[in-house]
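Residue numbering begins at 1 within each chain, and the chains themselves are lettered A, B, C and D in the order written.
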Amino acid sequence: MSPSDTTLRDLHVPTPVIDPPDDYLHVEQTLSSWIFTTDHKRIGLLYLVSITVFFLLGSIAAGLIRLSLIVPDGEIFSNDIYNRLFTLHGVIMVWFFLVPSIPNTLGNFLLPLMIGAKDVAFPKLNLLSWYVFVLGSLFTMFVMIWGGVDTGWTFYTPLSTEYADSYVIAAVLGVIVVGFSSILTGLNFMVTVHKLRAPGMTWFRMPLFVWSLYATSMILVLATPVLTIALILLFAERALGLAVFDPANGGDPVLFQHLFWFYSHPVVYVMVLPGMGVMSELITAFSCKRVFGYKFIAFSSLGIAAIGFFVWGHHMFYNGMSPYAGLTFSLMSFIVAVPSAIKVYNWAATIHKGAIRLDTPMLYAMSWIGLFVIGGVTGLMLASTALDGHVHDTYFVVAHFHYIMVGATVVAFLGGIHFWWPKITGRLYSEPWGRISAFLMFFGFNMTFFPQYLLGYMGMPRRYHVYPPSYQVLNVLSSAGATMLAVAYIFPMIYLIWSLWYGERAGDNPWEAKGLEWTTTSPPPKHNFHHMPVVDFEPYDYPNIAPEK
Amino acid sequence: MDAKLKRRLRTPFLTMLALLVLLGANVLLGSLFTTGHAWIAEVLIATVMVATVIVVAMEAHKEPPVIRLFSGVGFFWVAILFALTMVDYTTR
Amino acid sequence: MSGTVGIKVEEHFHSAEQQRETARLGMWTFLLTELLLFSGLFITALVIRVQHPTSVTAVALHLKFWIGATNTAVLILSSFSMSVAIELSRLGRQRLMLRFMLLTAALGAVFMMLKGYEYYRDYVEHMMPFLPYRSYELAADPASRLFTNLYFITTGLHAIHLTIGIGIMLVMAWLASRTGFLQQHQNRIEITGLYWHFIDLVWMVVFPTLYLLNR
Amino acid sequence: MQHFLPHFPPQLWPPAASGMAAEIDAMFAAWSIVLFLLVAPVFAFMGYCAFKYRAGRDVDRSHREARNLTIEMSWMIIPFLISLVFFFWAGDVFLQEQTPPPDATVITAMGRQWMWKFQHPGGQWEINDLHVPVGQTIRVNIESQDVIHSLYVPALRLQQEAVPGRTTQLWFKADRVGAYRLFCSEFCGADHALMAGTLYVMSPTAYQAWLEHANNRPTLVSGGRQLFDGYGCSGCHTPGSATRAPWLAGIYGHVVPLQDGSTVIADDAYLRASILEPAKQIVAGYRPIMPSFAGAISDADLASLVAYIKSLSAGNEPAP
């Protein structure tokens, strides 16, 4: 140290004043500023943490299921434990992870940013929604881990009402409570999109992610109450003796299934639609090109949400429902595939003549399209009545909906998290590790679930902990794939958390993407924008000629 | 009670009268006919009552288009639920 | 006089008008969910009616038709009283509005008392098949249990909604007992009114569904 | 863990035992090919574009379109119309499945936790296995005593749920002699996975012989063993089960200590009473958790169960 330095210090030269960061992460640091926050970005992070915990729990259950199925004779877990495990896995993954996954984390964070609003329409309701979610889901978790529920996540009567010897009442109550959280979020998003758009933000200037969130919210608002009432009737029958479905008195257990699937099929689109929205953002950003057929994609989201309500009976072809109803539902299911196909073709056309960067989010996007398409076309097979007679309730169905729910929702969720991570945290993650994880995810996923298609066509019924030995090779293969999949989940958790401290600073727009959320700082200030935006540009206005590298 | 208030209360009052009359008609039908096709008239009267509440009492007619849309669109979904469920039960 | 009525604009809204419309749209969206909730019960009722028409008629003849009809009238009156309260709130006449809100809540309470009496009659007349220790009037007709049970679930769920409505009404009345309420929160009265009218509307469907059709 | 070494070679296609099964295989194959043709070009195109138009490559990017109504409408409508072929094909087969021919032989299937009971027209019955003659139309009337089950035979590419309170139907005409798997495919509780058996498609003469052969009717004891699983007794009355209940091997004829300090000799009457009214005489050290089977079990089944319990000698593990 040179003497001049010491003299300078001794002269009490004031240290340069650094403005404390005023972004939403740092503006207040107390615990109560987090748990009583009404800031949609912080609530999004609260949700992110909660659903990650549930995802871990659900994955552990899945891992134990795959472990058990390595041997055909059910020696690893007893029937009761196995049944409780897959019920736990189903309930957690559907209601505590997939339904809130993209809408409540990325959606909460991005919706106001993307339409240029300061917050969602009802910030307090938004926080209430998180509390309701946490209370309901923790209660259900407690019940399912300490007591156990062995009805499957579908709670079919009369197994759930009379015969199951487990804690159905409490679990059903918890799921009803979590339903209110979905309703509040959906309500909030719908009203926000209608009423809080920035000046100039017309409907056709909204990002496609917002369109898909709107369609998702529509489903949440219109479908969740029917689940609530179905479960209330179940609760009344089991807990209070107010039987409505009881076959011993002439009640119809199929009616419960009608009510249940009126919710539970549309809710599949709650899982997929936000994923499709994320895809539209990723593909345009990494093709550096305006999306092909904006209006078709936008309206196809609404189309899926609406037609999705007409198809629930394709879960019920062989349960004694009238064959004419079966044919009606089958036809509607063929129709609902149309808007999904539109999207896929339009994304392919978007890539054409773009300037494509194969960064981590784009890798997730590409694998998303592959997995979603496989899941989608096998869905068409399942919608074909007679074919469903063979593969219904087999591993074919299991593989199909995992291609949709994991392949489409989880991959989109991870892709979206990677894409917006710099915006959320202001940091960049390690790109090489990101790419490795994306590849692992794709291969691990296919290795886990493709064999299940074969198993299903071979005739292995689902929810079997004991199975004929000739199915073992494919089961072992599937379990091996599951370990790879587990690694692909753990990697991002590690390097994303690592990046919080050691990641490079991201800057406002590391991907050179378009959209209002990239015009503000990373992380955004508490009220999202330093100057409230006025929108006078079209969505995805990428330059017509790709930038020179 | 001043004139202004009186003028404003005319619609609610007439709404109440209309609803009571409709209810009276329905009760009459219900107490006179226990079988037959009186149910068609009864359902129609109930539908008119519901429409009156939504349009007049809840002032949907004064609202911006989006709220008018929301006040009606729910019935479309109710119709889906009813129609497709009944496809099953009427053709079994 | 109407100059004294208004809304305190919250931070994330541009204008009072935007906030007002947002709140109303939010309530209408919530009512959409309520509509779908109850329609799940109505479709159940329809299915039971289609599958067991004679049993349903047998049950309907045991339900207290006249109490149900009176209760419908009570709710129509309460809706009127709510409408009056809303009109008063728009004119800024807070004290008179307060009385009509209390009247509305009181009419709701009358409904609940009649409902309670109806349940008591059901108990006396052995129309509670879910009570294990008590015989059931229509025991010879097992399918009738389904509709009787649905009657209790539907009226019970409606009663819960009405109780919440009365609660909200009392809280609003308590808030409105302070001066200056309407200058800041006139909006809330309108929102409460929407909910109240809707509960009324639900009963207008419940009444024919359970008591009236083919009795 | 004798099954830890996987079974090689893996079977990758299920056997088909009826004409309808062959048709469904054909439908599956045709569907797969059509879907492949609809999807593969998209994947190939995306792969090609991702390679050709990588950022930084100097390629022609002019004439970029943001929309094209003709193209969009055509890829919306054409695949849909193609797929409709399969809607009609599948729907046609589905309606055939749902309308059994009038001349079929009727077999009754009763599902209950966790067994299938099949009853032949001549009164012969069997548990979990079903014997049918080849080349003859068989209609199975399916009922359930408790929860929803589903009778599923992969080799027939067919299943039908058993809904309590109703009778559903499934029909088939097996055209290949053999033994095929039969499952319950709708989750029905703890031992759902064990509710499985075999469909034996036999030559008509063999079937006749089977029908007439007395040995094919289960003896009291062997029938009782299946009922022991079927009524769920084995769920608790098995060594090492999660729910603690006394293991019954060798109990017959011995002295049993009861909760209230008294003792009783386990004779026929005691075994019967314990099944019908288990709460009356609780064995010392156990909790009164067993449900009553009064009214839920027929006298014949009760006799079989008691016979089975008697047949268990001390130390004898239950037959696998």
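Note that contacts are C-beta pairs under 8 Å (C-beta built on N, C-alpha and C of every residue); 3 or more make two chains touch, one makes a residue touch a chain.
Here the structure is a predicted model, which means the values were calculated and not measured.
Comparing the chain pairs A-D and A-C, the larger number of C-beta pairs in contact belongs to A-D. Chain C and chain D have centres, each the mean of its CA atoms, that are 47 Å apart.
If you average the Cα atoms of chain A and of chain D, the two centres end up 33 Å apart.
Distance from the chain A centre to the chain C centre is 36 Å, each centre being the mean of its Cα atoms. With each centre defined as the average position of its C-alpha atoms, the distance from chain B to chain C rounds to 15 Å. Annotation for chain C: residues 21, 25, 29, 32, 35-36, 39-40, 43, 47, 51 touch two or more other chains. In chain A, 194, 222, 226, 248, 250-252, 254-255, 258, 323 are the positions where the chain touches two or more neighbouring chains simultaneously. Taken together, the chains touch in the following pairs: A-B, A-C, A-D, B-C. Note for the complex: chain A touches chain B at residues 194, 222, 226, 254-255, 258, 262, 309-310, 312-313, 321-325, 328-329. Residues 4-5, 8-9, 11-13, 15-16, 19-20, 23, 26-27, 29-31, 34-35, 39, 42-43, 46, 49-50, 53-54, 57-58, 63-64, 66-67, 70-71, 73-75, 77-78, 81-82, 85-86, 89-90 of chain B are the ones touching chain C in the complex. Within the complex formed with chain A, the residues of chain B that make contact are 66, 74, 77, 80-81, 84-85, 87-92. Those residues of chain A that touch chain D in the complex are listed here as 70-75, 78-81, 83, 150-152, 154, 156, 158-159, 162-164, 247-248, 250-254, 287-296, 317-320, 323, 326-327, 330-331, 334-335, 337-338, 341-342, 344-349, 351-358, 366, 369-370, 373-374, 377, 380-381, 384-390, 392-394, 454, 457-459, 461-470, 472-474, 476, 544-546, 549.
Against chain B, the residues of chain C that register as touching in their complex are 21, 24-25, 28-29, 31-32, 35-36, 39-40, 42-43, 46-47, 50-51, 57, 61, 65, 69, 72-73, 76-77, 79-80, 83-84, 87-88, 90-91, 93, 193-194, 197-198, 200-201, 204-205, 207-208, 211-215.
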